[in-house]
Amino acid sequence: MGQPILEVEHLKKSYVNNVPILDDVSFSLQKGEVVVIVGPSGCGKSTFLRCINRLEEIDTGVLKLNGVSYEKEKKNISKVREKIGMVFQSYDLFPNMTILNNLLLAPMKVQKRNKEEVKKEAEQLLDRVGLLDKKDNYPRQLSGGQKQRVAIVRAMLMHPEIMLLDEITAALDPEMVREVLQVVLELAKTGMTMLIVTHEMEFARSVADRVIFMDKGNIVEENTPEQFFDNPETDRAKQFLNSFHYETVKK
Amino acid sequence: MQNMGIEVLFKGINSLRLWQGLWVTIRIALISMVFSIILGFLLGMVMNIPNKIIKFICRIYLEIVRIMPQLVLLFLVYFGAAKHLGMNLSGETAAVIVFTFWGTAEMGDLVRSALISIPKHQYDSGYGLGLNKWQVYLYIILPQTIRRLLPSAVNLLTRMIKTTSLVALIGVVEVLKVGKQIIDASRYTNPTAALWVYGAVFFMYFIICFPFSRLSRVLEKKFAD
Amino acid sequence: MKKKILAVLLATGVAATTLLGGSILVSAADDGGNTAQARTLDEIKKDGKIKIGVFSDKNPFGYVDENGDVQGYDIYFGKRLAKDLLGSEDDAEFTYVEAASRVEYLQSAKVDVILANFTVTDDRAEKVDFALPYMKVALGVVSPDDALIKDVKDLEGKKLIVVKGTTAETYFTDNYPDIELVKFDEYQEAYDALLDGRGDAFSTDNTEVLAWAQQNEGFSVGIESLGDIDTIAPAVQKGNTDLLNAINDEIKSLADEQFFHKDFEETLKPVYGDNINPDDLVVEGGVVDGEEKAEDAAETEDSDAASDDTKEAETTEEPEETEAADAE
């Protein structure tokens, strides 16, 4: 293995009342790797993603992108965020713009790219996710699943080196989950480096190169998907996975 | 007698004077509104800064505007500035200052709550795309704020137009004052003038306020979520 | 960092506005203590324009005609004053004032002189300097021609209409408690009552009833001047002696040509008609003809003279209130 694309060393983060939300987390991500983070609600996995692109300030620790630390970067944090795309759980398209303008905004304003060129690329990507005919619509005219597909395209257009996906299907109606995850699977096939937080275990198993199980602000287990889902090493991971099984058995 | 009443509107340059008065009304209200919107946006953003001193100062400002009748403010600025600060402002300037002072407070408060009502993830996704703070405000937050503000802003504008009748008391001859002058000038020759003149003034207020409220309704629909 | 600086700047701006507003507020509370320096006669002459505060909706004293030009008894004098002080009638720069803020206009030096039907009162004389009077007003009584009231004695046993809060109400209550008063809140109601015969006569300022009688056939002003005589005079900022003296000299010298009678002919007569004696309203050379008043006082009772002071104070309130109500 060469130089990791992303390195996190001894990351600590607590909220005002000193309750630690991330307690000394270290982690690294190789180029082209897809890592899925699972764990119970409140285990700190979403906060972990938000810390990585500095939407949350960290208390202590080191963040490195391609070997360059950026945890204290202020002025050029936008440069870092350009390289780390993120898609959120909530439908986060800008309601005041058409789909196409949602896509064009950041490439044009942040990267100062040529409008025609970006537009061409945006239309190609929209076509790939099956939404080219919606380009002049407003977000309110799209379903949740369609919005999330656009959000992924929007992040992709920035040509990020890493994509962070934060429970992107959690707010969707069940029948729309698949259309969104299909796009992520396509993305993984192209060799995109991704860090994914999700509750969709089947999806995690099929997309992940590596699974990380987090609980109470710590990484408890790191494993291949096959190992983790079939034969977890830690008790806490077993318990967590059992809770899923129990529900499915009951059905 | 009836005929005589309506004649007053067409005597001499009376109707021209009414329209000129209306222009004064609109001019004061629009200029004040433009300043109020610009300053109100800045104030609204400042009010959301989590700093106790800033919050306290803003609170005092809003309270002053809320408590003080506009007429008192007009007198303070028009006469007070001349008496105490040696600034001899024209009536119209004083009116614009007072209306802006009032409008900025109202707009600021509206902008503040509109900004709060924008979900946090709108900011997050903007930052996540690499936009800086100003870009996030300019392209994402403010346009959404404006839509939420539109009805209240138009409401404020029409209230301002109506409140301009007060500026007659600091010597500015706006439409209602022109109306009173016309009625008074024909007091002994045309006692029914009042009905016609007030009718005309009513009509003039209506034709300037109505398009604004229509416009706001149309825009509101257009921007609806 | 830039943003922080901007935020601080903005906050300072808001703070400054608040403080400024606050300080104006506080200083305005001790009203009258502070005044802007008025222009002296020399400064006015240098400028070539004299700023005169006049009414724009008090026909026939100050009003705007259908061509947008300001006219009236006060304006006629104002133009002459400008001509004699500065050389041309056009050197008068008229500012439209409201009744309630006439004193303020002088104190804030927004105008050089007020010629706005300004009744002289002790209270006002403490805040501004009045020049010699150029007009006077008293009470008048209007009644139907077929039962014309020509003397106060004729009113005994009759119903007299008055408007609440006016000089007339106080005057008759104090001096003629036997006359039955029918009181109304507004002038319009009072006139309607007179037209309907709900009262035998109506009393208020003589200028008011004179103008009304002129418009309403079958009614005349039988008593043109009654009660205390109030004078109307130009006013300047307190202590602006040069200008005050110049105006006084002007008023005195205009007596030779009976200027204010001419003013009356031009501006008041068209409204008040031929029946009125100009001497009931006009003051020449600043000399108020006191004999008439003395007669009146003698005709009434001694109490009249005794209660002079208190009544004067009450009288002062009246014109301002009605005018302010007009302006609302």
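Each chain carries a letter (A, B and C) given by its place in the written order, and its residues are counted from 1.
What we mean here is this: a residue touches a chain if its C-beta (ideal position, glycine included) is under 8 Å from a C-beta of that chain, and two chains touch if they have at least 3 such contacts.
Computed from a predicted structure; not experimentally measured.
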Graph class of chain-chain contacts, one of line, ring, star, complete, other: line
Leading chain pair when contacts are tallied as C-beta pairs: B-C
Chain centre separation (chain A, chain B; CA means) in Å: 47
Intercentroid distance (Cα basis), chain C paired with chain B, Å: 34
Inter-chain centre distance, chain A versus chain C - centres from mean C-alpha coordinates, in Å: 81
Complex interface listing, chain B residues touching chain A: 119, 121-122, 124-132, 135, 139-140, 143-144, 147, 223, 225
Residue ranges of chain A touching chain B (in the complex, touch as defined): 50, 53, 55, 78-79, 81-82, 85-86, 88, 90, 92-97, 105-106, 109-111, 140, 151, 154-155, 158
Residues on chain C engaged by chain B in the complex (per definition of touch): 3, 7, 10-11, 14-15, 17-18, 21-25, 27-28, 34-36, 56-60, 63-68, 71, 95-98, 100-101, 104-105, 107-110, 211, 214-215, 271, 326-327
Parts of chain B lying in touch with chain C, wherever the complex brings them together: 11-14, 17, 42-43, 45-46, 49, 51, 53-54, 57-58, 60-61, 64, 68, 73, 75-86, 88, 101, 133-134, 168-171, 173, 177, 180-188, 191
